[in-house]
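After this come two complexes, each holding subunit A, first together with subunit B and then together with subunit C.
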Partner chain A sequence: MEKILNYVMVGLANGCIYSLVAIGFVLIYKSSGILNFAQGSIVILSAYVFYSFSMQFGIPLLVSIAMALVFGAFLGFCIERFMLDRLIGQPILAVIILTLAFSEFLKGTMYLGWGTDILNAPPLFPKGEISLFGAGHLDYSRLAFLIITFILISGFALFYNKTKTGLSMKATADDTVVAGSVGIRVRKVFALTWIISCVTAAAGGILLTNIMGVNYQVGEIGYKAMAVALVGGLESLPGIIVIGPLMGIVEFLAAAYLDPLVGGGMRDLAPFIILLIVLIIRPYGIFGWKRIERI
Partner chain B sequence: MWRPSGIFSVTYRKEIAFIQTPFQWVMLFLALLFGFSLPFYASLEILDFFIKAWITVTAVLGLTLLTGNCGQISLGHTGFMAVGAFAGAISLAKGIPLPFVIIISGLAGGAAGMIFGLPALRIKGFYLAFATLAAYYIIQFALIHYFGGEVGHSVPPPTVLGFTFDSDLRIYYLIATTCFIMTYAAKNITRCKWGRAFVAIRDHDIAANTLGVNVYFYKLMAFFIGCFYAGVAGLLLTVYMGWASVDHYSLSNCIWYLGMIIVGGMNSISGAYMGAFFILGIEEAGNIIAPTLAEIFPKLAGSMIGAIPILFVGLALMIFIMLEPRGLVHRWEIMKTSVRIFPFHH
Partner chain C sequence: MLKLVNVEVRYHEVILVIRGVSLEVRKGQIVSLLGANGAGKTSILKSISGILRPEDGRVTDGSVEFKGQPIHNLEPYEIAELGILQVMEGRRIFEHLTVEENLLTGAILHGNGRTKEDLEKIYRYFPKVLLHRKRIGGYLSGGEQQMVVIGRALMGRPELLLLDEPSLGLSPLLMKEIFSILGEVNRDEGISMLIVEQNAKIALDLSKHGYVLENGRIVMDSPSDKLKDNEDIKEFYLGLSELGKRRSYRDFKHYSRRKRWL
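Coming up: the complex of A and B.
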């Protein structure tokens, strides 16, 4: 029992990473109908930038965190302005390949600039662990991750439902043309969406440096986060809040109890198997909107 | 297709002929002559490039049928290639003659494609793209854990009726011939009833359904045919490398294949050729330039060799999709038209 609780706690904290990265997918999909396959690479690139600022240039920790976040915002703005502009009205395949090619391009850049070694970023939180309910052990960086994710997500929920900008984003997500006709600046909203999603990606990357180290292969986490977004339903923020931690828990439980049966590797595979099953049973995700298509 | 004014097909047989004008016969003859005489005058590096190119073209043809023609986006194509490669490697090791092995690999790839194509009956677009990506990871997992994929299988040189394909030259002819036959088949598939059903499904699957196209059947068949091509291409790569390992079938390769479709032109067979040669050429250019760049920037020399081709291809793809999403075939058609109507503007 103690063991299970331990897995659940670690899984919960790991799953929050997925939620944090998946917010970006959902925001962009809701406002512009595009699934950004490059999200994972953006996460890791921001982590690398944070590493460079703090370790190589010796800038103080808080300043380099802020600079990495600004870098994320700038990247998001550039993607929206220079790349997606040209893709309005193009088939979905072109969008997918563009974001995938961009992701590979970023991977090449990271490979070129920082090499293939796993780099150790400066610790953000003191070392040590706490035990919850007398059983599950959780180190401070994972605990901080949990707390920060929950703060960010509830902040987003408030922003989305209470502020004027958030409401205009909601309106754009609903119908771009109608939103434009009631005086919302759609282009500005698009840019803002991309900036927010890239900043959350950067925040995820910075937090990740403490858990996994910095390496361009960690970018695969973007695909797992995408699985979370698809299982939760691409239109639904509550979906990813629920599904992300759940997915993390399932992952760790699968690693613990299925690995001896199949010979390892279940941790990386579990999200994809779950995704395939969910897509066959509920193609629009658990919390997603069912769309009825017409000719 | 365009013909000079006053020249018509006078019989139905001529109207539906594969090759319609004498000029096309000449072009076909020249292309075949070039393809099959290449080993006599090309250096080993060039031969190596062309062997890889024919294998890539075979794989991309499958993807053209599946994604370009039928609109079912597959990010798991290299996974299906790996299935074909492993099936081929195992059956070659058992001493089965080559023609059967080719069919076995194709069927294995096709069967895997059909299984993982099942979600396509309910989802499309981004969802399907991601479902096939999941398929890629699952296939890789299965191959590594149950078929010895991490170490790989060594493959004995295949034989047909006592003739052994053991040198690069002989393997070149094997691969070029297979690629040629597959191209012929692909072209004919796009021309027949099935090809038209695929296009109808791509354009609007519900509309196709109301017009009496059995959407479920044709979607699964598109997956089967596309992945049949992938399986055969996987086998060819295995035969050339002499080794079957999951490392040869990476996710980035699959992204490049999809890029080749876009660069070439979504739904044309000649587009598959153009895209494959364009992207492979850029990758090769990156490989050639990388050592020189490494000398200029000695600080980055360590990662230059690996990173430059990825950077080049990624950048080329991005620029291409942003500037000419309709592909090289579209440019080629414009060029042909402007030559034909020369003194006048297009």
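Coming up: the complex of A and C.
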């Protein structure tokens, strides 16, 4: 019993990071119909940048974090302004492939710049753990994950639902042409969408350095986050907030209880098995928009 | 207030859909623009509101002027900020936003200012919309959606409203209701309107002046009352003929009658 609770808590904390990274997928998909394959690479690139600032240049921890987030914002702005803006009106598939190419480009750059070793970033949180009502325990860094992602996601939800800018984003996501016709500055909204997506990705990357170290392979988290976004429904922000933690829990439970039976690897396999099943039964995801059709 | 001078619109640089159209909307005036399918009515509206570009269309000749300022190279939001708003064809409501959110998007182009009073004003004009303010836009009936979409445009406090087939797919009763509200808005707020319609009768009843468009050209341009009395308009757009009279078979050969004016 104690063990199960442990797995659940650890999975929950990891899953929160998936949600954080998946916000980017959903936002970008909603506003422009693009599936951003580069999300994972952006996550890990930000982690590398954070590593360089803090370890190589010796900048204080908090400042490095802030700088890495700003870097994320800048990257998002550049992607939108210098690559995607030129492709407005072109086939959406071309844009999607462009993000895939950009992702590989970033991976190559990281390989050249930082090598293939797993680098150790400075610890963000003190070591130690708290006990959970005597039924298990959770280390500080995962506890911090839970709290930080909770704050970030609820802050974002407030911004999205309560502010004028959030409303412009929602409207643009619904119908770009009409949004333009009511006087919304659609290009600004696109830029903002990419900035927010890359900042949340950067935040996820920085948090991840604490448990996984910094290595370009960690970028694979992008695919898991994509699975979360697809299972939740690509248009649904509430969907990913629910599905991310669930996916994390399933992952750890699968690793704990199925690995002994099949000889390992279930942790990475489980999310995609779920993805397959969900997509076959509900192609638009569990919380996704089925287009509203009235007859 | 709005003036189109010899406007030419092309899509993809080659497809010429508007061939030198000139028209004018004066301050506080309602003008209707009639024409068959594919005559180019919608393209004219889009050339004014600036949403040709997403469809790879462009004003290639002539000019669109609003209060003396050429606007045909501006972005849609810039044109909206100048005071021209288009209600697009087919009730393009934000389907996943609530009714109230839909209305609020119309106010984004202004600062925070008078949003609340504006909302109340819209609800006064469209009491039905108030009943559904918390509902998701996509689930409203056609007439209600049309009201929300018009209300959304009014939230932007336009000086000129471009309406693209507001009667499309609505029952005659709803059509009447919406057009009478449009008349009210025009009287109370002094908003000028350019209405594109297939339903010539209802449009000509509301408007002061009318244009008839065929194949990308203006073929008639006169006060609405005169247009309503015109034999050709009666037959081709109003569906009227002299009932009760004996007609010879020659009259049924409508192909022998002039249908094109140019």
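By our rule, the second predicted complex is superposed on the first by the 289 of 295 C-alpha atoms of A that agree within 3 Å, B and C clash if a C-alpha of one lies under 4 Å from a C-alpha of the other, contacts with A are read in each partner's own complex, and residues count from 1 in each chain.
Simple rule for what comes next: a contact is a pair of C-beta atoms (placed from the backbone, for glycine too) under 8 Å apart; a residue touches a chain by one contact, two chains touch by 3 or more.
These numbers were taken from a predicted model, which means no experiment stands behind them.
**Student:** Which partner chains sit in contact with A:Gly180 here, subunit B, subunit C, both or neither? Use first/second/both/neither.
**Tutor:** The answer is second: A:Gly180 touches subunit C but not subunit B.
**Student:** If you stack the two complexes on chain A, which partner ends up touching A:Leu158: first (subunit B), second (subunit C), both, or neither?
**Tutor:** It touches nothing on subunit B or subunit C.
**Student:** Please indicate which partner A:Trp289 is in contact with in the superposed arrangement: first for subunit B, second for subunit C, both, or neither.
**Tutor:** After superposition on chain A, A:Trp289 lies in contact with subunit C alone.
**Student:** Check the residue A:Cys78 against both partner chains and state whether it touches subunit B (first), subunit C (second), both, or neither.
**Tutor:** Neither partner.
**Student:** State whether A:Ile130 touches subunit B only (first), subunit C only (second), both chains, or neither.
**Tutor:** neither
**Student:** Just to be sure I read the superposition right, which of the two partners does A:Leu61 touch: subunit B = first, subunit C = second, or both, or neither?
**Tutor:** In the superposed model, A:Leu61 contacts neither subunit B nor subunit C.
**Student:** Of the two partners subunit B and subunit C, which one touches more residues belonging to subunit A?
**Tutor:** The partner that reaches more residues of subunit A in the superposed model: B.
**Student:** After the superposition on A, what does A:Ile147 contact: first (subunit B), second (subunit C), both or neither?
**Tutor:** neither
**Student:** Output the subunit A positions appearing in both contact lists, the one against subunit B and the one against subunit C.
**Tutor:** Comparing the two interfaces on subunit A, one with subunit B and one with subunit C, the shared residues are 294.
**Student:** Per the contact definition, I'd like the list of subunit B residues that touch subunit A in the complex.
**Tutor:** Touch residues, subunit B against subunit A: 67, 71, 73, 118-119, 122-123, 125-127, 129-131, 133-135, 137-138, 141, 144-145, 204, 206-207, 210, 252, 255, 258-259, 261-262, 266, 300, 302-304, 306-308, 310-311, 313-315, 317-318, 321-323, 325.
**Student:** Quick one: in the complex, what on subunit C touches subunit A?
**Tutor:** Of all residues in subunit C, those touching subunit A are 49, 51, 54, 56, 75-77, 80-81, 85-86, 88, 92, 94-97, 101, 104-106, 108-109, 112, 136, 138-139, 152-153, 156.
**Student:** Residue numbers of subunit A touching subunit B in their complex, please.
**Tutor:** These residues of subunit A touch subunit B: 29, 35, 83, 86-87, 90-94, 96-98, 100-102, 104-105, 107-109, 111-113, 115-116, 223, 226-227, 230, 234, 262-265, 268-269, 272-273, 275-276, 279-280, 283, 293-295.
**Student:** Would you mind writing out the residues of subunit A in touch with subunit C in their complex?
**Tutor:** Listed in rising order, the residues of subunit A that touch subunit C are 88-89, 164, 167-168, 170-171, 174-186, 235, 289, 291-292, 294.
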